[in-house]
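One chain, chain A, links the two complexes that follow: it is found with chain B in the first and with chain C in the second.
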Partner chain A sequence: MRRLFSRRNVVAAGLVFFAVLPFVANPYVIFIGNLALMYILLSVGLNMLLGYAGQLAFAHAALFGVGAYTTGLLKLELDLHYGLALVAGVGLATVTGLAVAMPALRLRGLYLALATVAFAQATLWVFTHWNSVTYGGAGFRVPPLDFEPFTPRPDIGVYALTYVIVLASVPLGWNLLRSRVGRAWVAIRESEVAAESLGIDITRYKAIAYVVSAMYAGTAGGLFAGMLGIVTPESFDLFQVIVHFCMVIVGGLGSIWGGVIGAVGLVGLQEVLRAFRHLQEIAFGGLILFTVLVIPGGAVSLLKRYLPGWKEPLRRTEHDE
Partner chain B sequence: MLKVEHLSVWYDVTEVIRDVTFEVAENEVVALLGGNGAGKTTILNTLSGLLAPRRGTIAIDGRTVEGWHPQTIVKAGMVQVPQGRFVWPGMSVEDNLALGAITRPRSERDAIAADMDEVFDMFPVLRERRRGYAASLSGGEQQMLAIGRALMARPRLLLMDEPSHGLSPLMVRQMVVAIRRLHERGMTILLVEQNVGVAAAVSKLAYVLVNGEIEFSTPGAKLADNPDILRSYLGGGRY
Partner chain C sequence: MFAYLIASGISTGALYAMVAIGLVLVYRSTGHINFSHGELFMFGGFIAYTFFVILGMPYFVSLAVAVIGGFLLGVLCDRTVYRPLIKAPALTMVLATVGFSFLIKGVARFFWGAREGGDYVAFPAAVDPAPIPIGGIMVFPQQLLVLGGAFFFVVVFTIFFRRTRWGKMMQATAENATAAFLSGIRVERVYTMTWGTGACIASAAAVLMAPLTLLSPDVGFNLLLRAFAATVLGGLGSMPGAIIGGFLVGIIESLAGGYLHTGLQEVSAFIIIIVVLVFRPSGLFGIHKLRET
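Take a look at the complex of A and B:
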């Protein structure tokens, strides 16, 4: 029975489930599935920065917004092909991530948190008040996407694109973490002095963490704009920061699979509570508190403890079994 | 090989290392002895580029390296084995060793694999536990891992910060054997210790540090001959 829930089987079942979903489900369920896939990207990217590199940064939702706004505006204003607009969105989010990294590399802990919250709020202010470009608080509609000749349905097209990107991005993240970059991130997270004494270039590897994480956030943002068809500032506010952190913490900090589990689980919870937005905030806050106090390793730590094949190469010793 | 002259290091308004001068010749083991708070680790951290000296010079093979980035110092061949045998507990033994080679170019992949094999030959217990988490190793095994990890950078000069600290007498003896073996292979070692017995067993020359100043130097062998002089404030036995 325990073998049934080994990582290989669960991942295979997940892949099949998300591959089959657009053929059997109604548009609403397809939309939820697409949201879950998109949040997997966000969560895995944030986990690299927060869980592996140990950077307490809150700029992720803002970078997600930069990706969404850039993609949506290029489609709206220039009628650029969605693929090109998405690439531009990822590019600008990545450059913005690098710009955030420059001052953030000198900061740690609380100061880093404060600086990145300030950046997130400033970005939100721009989204809300730069009316001539961002269309202000009401946002804008993204023109319908065209995925011909593959499919006449834009929702299926975005879903398929998101699925393929997740299929490439999660293994990419997994391999990155198994490389010298991942090891350097964990070394820096555990002890910057010890890492530096070994000759690890802390500035370089932290900058890589910010850039990679921004790439994931920007990609998710661009897909979000295409999927929802509307871009408004409230999709990238402080509540989104809480949602992103909740996914990573509840799923498992410092675990790729934790990020995936957190994203899928939290999208499900969000849907259950969709009619009660005020309850969502309480539920997510409570869930973060519960996880930190009761299962600090997140849901994935329970899987690692009780099921075969869930162990990961770089674990957080203070949390895992 | 390593020449330190008139080194002075400050923490804010306090001078913790005062006018320290010493040398480590090629293929020699030199010990830096001192009690708690004498400034031994501060000196090693300054040599590694983690702290900036206020005065004085540090030269490797005639090239002054003070003010260099730690990464550049590692590339120059001087690598520290930190105090408390710091290893990354959530990583496997292999991953910890691979981190030691992080300053080497990716093109040296085969050479890095060969060096890892050499580390495993030197410390066979690490080969047996290569896929296990470092957290599962005993204190002595973690010390071996810390040394092995430093060797992965292909150093010419190893800075060892209290390798015997917290180890059982049996493990300390094994550590002495390991240091001797490294020396036989041509490694130059600056050994920071509180344990006079370990320093006497492996070092050719020992400098005694008191309150951030070098009090005197003496041949390593004479430390063992006159343990009572130092035992009162350094402690330790024969190995």
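Take a look at the complex of A and C:
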């Protein structure tokens, strides 16, 4: 009976659920489903940097924003095809991620956290104040997308695109983590000195972590601009960082599937509390604190303990959790 | 213009220095940066607001209540966040304090935020708000009060830190916790005291600042970033560095806002953090310890 809830079955059920959703649900539910898929991308990317490589970087929401702004602005100002705009958004987010990585590679721990918090706030300031380009604090509307001849409805088009991208990039991340790169990240997280003495090029693998997670964030950002149709600075503020962190932490730091579970699980919470900012802050702040204090391994560690078929490579040993 | 900008930079800088002191105090003894420090500041301000504006108590009573309330909140932070995670890695601690900060922010917004016209509440000046001319420049009496108050608190704190038994115990613990423990200091109590003291200085700063700006549940994070900039500029872990850094950040901000572009006032603290960390991570007066281990 418990075998029924092994990871393979749960993931398969999730895939079927998200594939069927657009055919049966109303537009609002489709939008929520789309958000959930997008958050999966974000949390997989963030988990690589934070959970696997152990880099305490707050720049993720800013890169998410760069992806969204680039995609949205190219669509609005140049009327570029959405696909091209999305690719450009991912590209610029990745380049920005690399630009963050350059100085960040020299910093560790708290210094890295401080520098990236400052970077995130500076980016937000640019979004808010560079009026001639970003339309300032009020943001801008992205022109309606066109997915002809596949579907007449833009929301389903974005949904399908997000679904396909998730379908491609989650296994990509999963495989990357099981490769030499993922193992190098975990070694760096556990001890930089030990990793270096094993011949791991720390600088190179850290840079890869920043770039790959920036790619995920940029992709999610571009899709976000497309699905929401409006881009405003407040979608990328510090509270968003908390939401992203919360998803990864509650799901399970250092576990791809944990991040996926966290993303899907918390989208609903965010939607329910949408109108109540203070309750959102209490809920997400409290959840982070609760998880860190009570179940440091996140939800996925409970699944690992009680259900068969959830074991992952590169997991932390039991006494760490 | 220049004199005015310097004057206002000094008075805001004094507040940054006060917030930075608490941050450095906790950092020196625990090795962790309290990301919820800004929210402790904000909450202290709202406690004073409740007593001063809503209940109509005298200013100094409200200040005293806010300082005590801030202390208790600092102790709460120690008990709920720091103590259970004392052996956890730095990453976990940062995440926990970030979570705690949003929890407090949400609670503050629940009680005092989301009124009609936004989350901001006005905190009336404790002294006559009309500016008075001093040496040819117009100065707000509240600015003088801020400066005087900050000076007073820094002096009191320095005396506490240098001369009293508790202060010396804190210094000993910061220097070497194991040795302090072996010489009979109850290190855990000192930690509690440290978190409390840091938070009560921040609360005092919030009460002094509130009449100059407005109070909102979101002010905490801005102040935290200014205090980060001050500590980083002065050298993380250096107490005099944090105070001087606070004044410098205040003045730089004021000058950048006045001469270059008004928007730069907000962003200059972030630029200071990034530039200092990238080019001179040990800060202006820092101990030469480039990396956290």
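A few remarks follow.
Methods note: the second predicted complex is superposed on the first by the 317 of 321 C-alpha atoms of A that agree within 3 Å, B and C clash if a C-alpha of one lies under 4 Å from a C-alpha of the other, contacts with A are read in each partner's own complex, and residues count from 1 in each chain.
Operating definition for what follows: contacts are C-beta pairs under 8 Å (C-beta built on N, C-alpha and C of every residue); 3 or more make two chains touch, one makes a residue touch a chain.
In this text the structure is predicted, and so the values were computed from the model without any measurement.
In the superposition on chain A, A:L56 makes contact with chain C only, while chain B stays out of contact range.
Residue contacts after overlaying the shared chain place A:G199 against chain B, while chain C stays out of touching range.
A count of residues in chain A touched by chain B and by chain C gives the higher number to C.
When both complexes are overlaid on chain A, the residue A:L98 reaches neither chain B nor chain C. By the touch criterion stated above, A:R277 is placed in contact with chain C alone, chain B being left untouched. In the superposed model, A:V16 makes contact with neither chain B nor chain C.
Across the superposed pair, chain B and chain C touch chain A at no common residue. Within the complex formed with chain A, the chain B residues making contact are 45, 48-50, 69-71, 73-75, 79-80, 82, 86, 88-92, 95, 98-100, 102-103, 106, 133, 135, 149-150, 153.
Contact residues of chain A toward chain B in the complex are 180, 183-184, 186-187, 190-191, 193-194, 196-201, 313-317, 320. Here chain C touches chain A in the complex through residues 32-33, 80-81, 84-85, 88, 90-92, 94-96, 98-107, 109-110, 113-114, 217, 221, 225, 228-229, 232, 236, 263, 266-267, 269-271, 273-274, 277-278, 281, 291-293, going by the rule given at the top.
Residues 50, 54, 56, 103, 106-111, 113-115, 117-119, 121-122, 125, 129, 238-239, 242, 245-246, 249, 277-289, 292-293, 296 of chain A are the ones that touch chain C when the two sit in their complex.
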